[in-house]
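Written below as structure tokens is the structure these notes are about.
The first chain written gets the first letter, and so on, giving A, B and C; residue counts start at 1 in each chain.
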Amino acid sequence: MNYPRNAWYVASWSNQLPESQLAGLTILDEPIVLWRTGGKVHALADRCVHRLAPLSLGRCEGSHLRCMYHGFLYDSSGQVVAIPGQDKIPPRARVRSYPAVDIHGWIWVWMGDPEKADESLIPATYSIDDPQWLQGQGTIDYNAEAQLIHDNLLDFSHLSFVHANSFGTPDDFSESLPKVTALPQGMRFERWLVNTPSPFSHPEQLVDFYQQYDFLVPGILVMWFGGFTAGSAQANNFGRPDFSRATSDVGCTSQAVTPMGPRQSRYFFSTGPHRSHGDEALKDAMMATTQQAFEEDRTMITAQQAIIDRTPSPTVIPSAHDRGITMFHNMVARLIKEESGGRAQH
Amino acid sequence: MNYPRNAWYVASWSNQLPESQLAGLTILDEPIVLWRTGGKVHALADRCVHRLAPLSLGRCEGSHLRCMYHGFLYDSSGQVVAIPGQDKIPPRARVRSYPAVDIHGWIWVWMGDPEKADESLIPATYSIDDPQWLQGQGTIDYNAEAQLIHDNLLDFSHLSFVHANSFGTPDDFSESLPKVTALPQGMRFERWLVNTPSPFSHPEQLVDFYQQYDFLVPGILVMWFGGFTAGSAQANNFGRPDFSRATSDVGCTSQAVTPMGPRQSRYFFSTGPHRSHGDEALKDAMMATTQQAFEEDRTMITAQQAIIDRTPSPTVIPSAHDRGITMFHNMVARLIKEESGGRAQH
Amino acid sequence: MNYPRNAWYVASWSNQLPESQLAGLTILDEPIVLWRTGGKVHALADRCVHRLAPLSLGRCEGSHLRCMYHGFLYDSSGQVVAIPGQDKIPPRARVRSYPAVDIHGWIWVWMGDPEKADESLIPATYSIDDPQWLQGQGTIDYNAEAQLIHDNLLDFSHLSFVHANSFGTPDDFSESLPKVTALPQGMRFERWLVNTPSPFSHPEQLVDFYQQYDFLVPGILVMWFGGFTAGSAQANNFGRPDFSRATSDVGCTSQAVTPMGPRQSRYFFSTGPHRSHGDEALKDAMMATTQQAFEEDRTMITAQQAIIDRTPSPTVIPSAHDRGITMFHNMVARLIKEESGGRAQH
């Protein structure tokens, strides 16, 4: 698996990790147990030092975790603090602990060097709790490499083809290239659709539609979009419009694609309208369309994975739209190289 | 997988490939997309040059095929002729094309050197459209090597044991050996059953029953059979009888076993009576018995495959009935050797 | 797979092998066909010498077995005695035969050197037919290594945690260590629980509860237990009590964990009360609790197996309770070493 380790990965929705309940999952093929006590999130390797039973089948005892196979007791740093039937605890009886935080409605886990775990690196995603937005919440599991889903999100030209039936994106959308700008943690994509139906709320009304998204390591998408009166694209010289002047379909979406294991990924997403541009009904309609579209992606990407798996030496021929993919792959390759040049992480 | 490439493989029933619909399948573990425009059949590698999405999830546009991931457009030779968002097409943007034809009710695909794709090598199977015969049509998928099904068809002594309940073949059928003759593309098996119930239409009537089948590379069976008045075997000196003098149960069957991938095979078959010896009801009865028998084969061969898979160095002890299998294996080995001696096919 | 071969493995319940019916199974990843004629049990490699079809899909013909693919006939020693279509039988046409016996309600198969197959090595398990005991009978299949189930049975400290809800074992059970004694074929575990509720029949009554079990190669558990009047542990100096003085819940259990293949095991068990201490209702209650408890084990061990499988170099940190496991592993390692020092078994 070819992903950076010094990065914050989305492990779970915050609202799916209640106080004192254990959750087992894998990130980068490493089993991890998550739990929360007194608001603080803990993440340990999900593997008892004794006989490798999963700690996530254990139970919370205050801020401690009890393995429910033979009763080893762990503190939240991963140190064993009690073993039934013996008084002495070997100091090496400890499991790896991962930095973990609850921010913007997601639990984020840092997979690399704990000393480099800087919370300011967590991107400003739109939280489902953000009072400015009405958002629905979805999770999709994939039997495919996370990287293939990243690639999908780094090239929206697929909207014309994969999502012709859901988002209704016209063919000519794929004929123009977005503006792509490098960011410290990824890249920004910007695009005007001129004289197009306002997709969600006013399909009968022609607008100039603007969309902007950042795609950030290790696989986070943050996007907003909105309809503007005809002529706005030209008036803004095809640059970024003033958000406050949007007239319809102002919405946002946050998405995170986490590599769980080889050919196993979990896709977290939320989307919906700005409160001043929509209501619960519009939110539900946007979520339904998005769910349908993401199932279209899953069908395509899972089939693509199957073809790749039976291709002895898979190679690709990039198109002009692949610029964002190439930039992102290069950034990831650079990060991985930097990590291996420092002290070993694994 | 150990099969010749310079051979016509059955990929599909003709009547299951409607005009302008894409069909994805694999032969020799290679993904292939089939479609038909204006009566002509096209077969391309089912793998977009761009990012390896399956073309079979695409759409027909006239005689062209559009990949529905990012919109690459292919002509029927496999050349990319349009890429959304760019004007220049790299000449190397093309996928492999396979010779493909629609003959005798089947779509045949040539997996080897296209220059050697000679349609006259396609055997004269009984088409389900042949007006002389009434035939039913069946398809069975196997989780087993095609070669194990070939071996099954090359040794009919199994009828006495596997098909005692369906075809009702008596034990002593397996005590006598068929006449086996080498053909350019395979071998011919001939057999008289003396004084035996006419199997399908007149079980109360004792006849001399004749059956003849050819088994041809890469895995095609063509067979006819019929009942003759008692004494006919002797009168014909146990040689081939005059077809027109048959008195009952004159029928035919065509069968093709295609290696889809490792331990994955597709078995196409048709069978039924000659129109002068049967009607729709007899055809249906023959098909029902054949379906039952082929499920018996599948149970046995799938279990055989499982045993082979857990046997470290599987070896066999051939019996006198294995002569056909040995001859066919030798022919296949010779063809594969000849192919590797010529220019590389893969 | 790391198990001794010179050992009797439980292959089946006796009452599940009726006269003249073939049963196919695997032990140590070797396919075996079992059948019984005139009371004698036969065990052969389940793989026809001809084309490796499973003999377990065949039919019994007296004490012979007919392969139902092409009709090869075997005697009970594994020698082919008839081949359809030919008179001569190659002497090498024989399959491996395994010593097999029906003792104590189980069919036992010896997987190693037949000359060393000594029936006196079969442990004195409690047969479900033993008139002194009322026992229920259960079978559970595991997708896990048999060794992990052996380890589970060699360390009862898990009862406090895995079986808190079924057997109701209190936490402090795991704080004391059993007495462990080496036996020629394994080891004996003995334990007093002082002043504890009599678990099955009289939970309202406090007793001193004694349990003793032997765990024997290749994976057999034989156990009895019973409640004694308060003070008995002390009075017996925490040694073995006089069985006849038990006052409640005298019961037994026999268990066998057979490695079928990699990560595939079959767990045979029986349990119930002594006739002088219980009735059918108590037997059923004990079986229900045991079934529930063994499902708890299966959940934990299957999850443990999954963690081990995704751990690159799994290591364990043994606790004081692991003494029995370590002793048993050493005994098994010694047996395997002895076998490989003698003449080859495979």
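Quick note on the criterion: contacts are C-beta pairs under 8 Å (C-beta built on N, C-alpha and C of every residue); 3 or more make two chains touch, one makes a residue touch a chain.
The structure displayed is predicted, hence computed values, not measured ones.
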item: Superposition of chain A upon chain B: rotation angle, C-alpha, nearest 5 degrees; value: 120
item: Proportion of interface numbers common to chain B and chain C (over half same, under half different); value: different
item: Length of the line joining the C-alpha centres of chain B and chain C, rounded to whole Å; value: 48
item: Set of chain A residues in contact with two or more other chains; value: none
item: Residues on chain C engaged by chain B in the complex (per definition of touch); value: 26, 29, 31, 46-47, 49-54, 57, 66-72, 83-86, 90, 92-93, 261
item: Residue ranges of chain C in contact with chain A within the complex; value: 151, 155, 157-158, 160-162, 171, 174-177, 299-300, 303-304, 306-308, 310-311, 314, 316-321
